[in-house]
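In the two assemblies presented below, chain A is common to both, partnered first by chain B and then by chain C.
Presenting the complex of A and B:
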């Protein structure tokens, strides 16, 4: 089985945790922090991102609260954190090149790193592996989300 | 039985509340909140900047202060706009599962009852993706969308009339030449019900027709309602927050180096340091052609009087690089001009910079 699930052309890496409803992903890091970002499906729905504004390091955010906002050609919306915790790093590159969110949503387009405060409990609400791919598939089909375009 | 849409006809209210009202309904949204459509007019003109814009960079604040035009910020994207009571704002605050998933479909959906209302007055309007409404190629309004709180919001307006002169005046622009290009652009490529009909229609009649179309097109009953206690409390809190300097002057970082007139028409300005000197071009672009332009700088153009002829030669020509190269080469050959240190390549670079600025925002 490939490490990356594909749903209507959108990439869903199986090694990440997802909040499918909020279109965010979480990667666990060796130092106990987690990296949070927007999914490929989210960047596709938003379209080319013109501007991204990320909250500041040191801020504590409860699950579901915004860690940043993105503005595409015509839509503004929050990126909601799928886990509670303190923001310990933000992706400074997004200020100059917000389309990293479109080009590399799981890599250079990461949004924040957080020190989670309730990971063991909150991870239960996230999905990973094949379950994540299936859940995303259901959502994309239920809501008839268009196939992913990837900008280079 | 389909769930009714709550209609809040807020009438003419203080300018700030014409913004905070839909934010308040969105932020106070609970699972029990009905999908809501708000109709509102501000009682004084004001300028509203997009969520990520920097106010000082976009708005001529001295002018606004002198003319007592207040300025505020919305949580919806896009550029700075002048709003007054000659527009009836349509603000939909819906549960996310009740709006079309794709943003462009959401705009088409929001535009439908607006266009049908114009149709009742004999004005045939059509949707121009992504987010414009046009009448015979002229823009009669735009739309914006945002996720606010737990709600999805789409906003637009019924355009009774529009003050193009003040709109062009409140924007911060590099120079008066640029301002004139924006003003002429608005004059040429915007329209209103008043322009189409020769008179301003009765706002109450426009609203009545809009509400009827809303009910019919969304196939849901529309019931007049009011803000709840919770929404009113949120409104007071937001009135306070939207009045702070921190809110107005927060660093946005979204720089728009071109001003959109409508989906196909932009005004931009750029400068380029060529070996022969600085070239500055203010350009109005229409559907990838040069609609109007002004060239200045400190380069040598010999004979000097041919610069105006060069501008005239470029008007109406395609900006497609190969075609533009031909156009410029033709002029150099025919007019026998000399521009030391400025080659055709350099002109193409300046125009290319402007096209990039526009492409970034369209």
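Presenting the complex of A and C:
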């Protein structure tokens, strides 16, 4: 099985954890922190991102609170953190090149790194692997979300 | 990005469907402020009132062919938690009854807007 699931052209890497409802992903790091970003489906819904503002290092956020905001020509909204914790790093590159969110949502387009405060409990609300791909498939079909465009 | 949670913004919109290009930005700013965790209200008065009549906002497309209409933005605003309010007196000006309004709009009188303006951290007037 490939490491990346494809749902209507949108990439869903199987090694990440997802909050499908909020279109965010989480990657666990060796140092106990987690990296958080928005999914390929999210960047596609937003369209080319014109501005991204990210909260500051040191701020503690409860699950569901914004860690930043994203603006495109047709949409503006929060990126909600799928885990509670302290922001320990922010992706400074997004300020100058917000379309990293479109081009590489799971790589250079990461949003923040956090030190989770309740990971063991909160991970239970997230989905990963094939379950994540299936949940995303259900969501895009239910909401008839358009197929992913990838800008270069 | 500063932590602006709980700050109050009041957006006053006096432009309506007769001037489509003046309708989008105030709603967009309101959605942005809500995304930044602020408490946001748009107050529709004067000509601004007419965009709340059922069926009107759908006719105003942001950019021809984009498929994004003023109604799309008003719905986004409601989803984001923005309170949409309308001036009771101006509804009369447009012969609008409460049942003519799109869902989710609160009807308030002139004294309320004065209170809200005093309570807000910032008022944006369009």
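To be clear about the criterion, the second predicted complex is superposed on the first by the 152 of 152 C-alpha atoms of A that agree within 3 Å, B and C clash if a C-alpha of one lies under 4 Å from a C-alpha of the other, contacts with A are read in each partner's own complex, and residues count from 1 in each chain.
Just so it is clear, a residue touches a chain if its C-beta (ideal position, glycine included) is under 8 Å from a C-beta of that chain, and two chains touch if they have at least 3 such contacts.
Nothing here was measured: the structure is a model prediction, and the numbers come from that model.
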Clash-or-fit label for the pair chain B, chain C on chain A: clash
Which of chain B and chain C A:143 touches, first, second, both or neither: first
Chain B versus chain C as contact partner of A:53, first or second or both or neither: both
Chain B versus chain C as contact partner of A:71, first or second or both or neither: both
Stretch in clash, chain B with chain C, out of 8-16, 62-70 or 350-358: 8-16
Common ground on chain A, meaning residues reached by chain C in one complex and by chain B in the other: 53, 69, 71, 73-78
Contact set on chain B toward chain A in their complex: 50-52, 75-78, 101-103, 107, 130-131, 143-147, 252-254, 360-362
In the complex with chain C, residue positions of chain A that touch it: 53-56, 59, 65-66, 68-69, 71, 73-78
Of all residues in chain A, those that touch chain B in their complex: 45, 47, 50-51, 53, 69, 71-78, 95, 143-146
Of all residues in chain C, those that touch chain A in their complex: 1, 3, 28, 31-32, 35-37, 62-63, 66, 68, 72, 76, 80
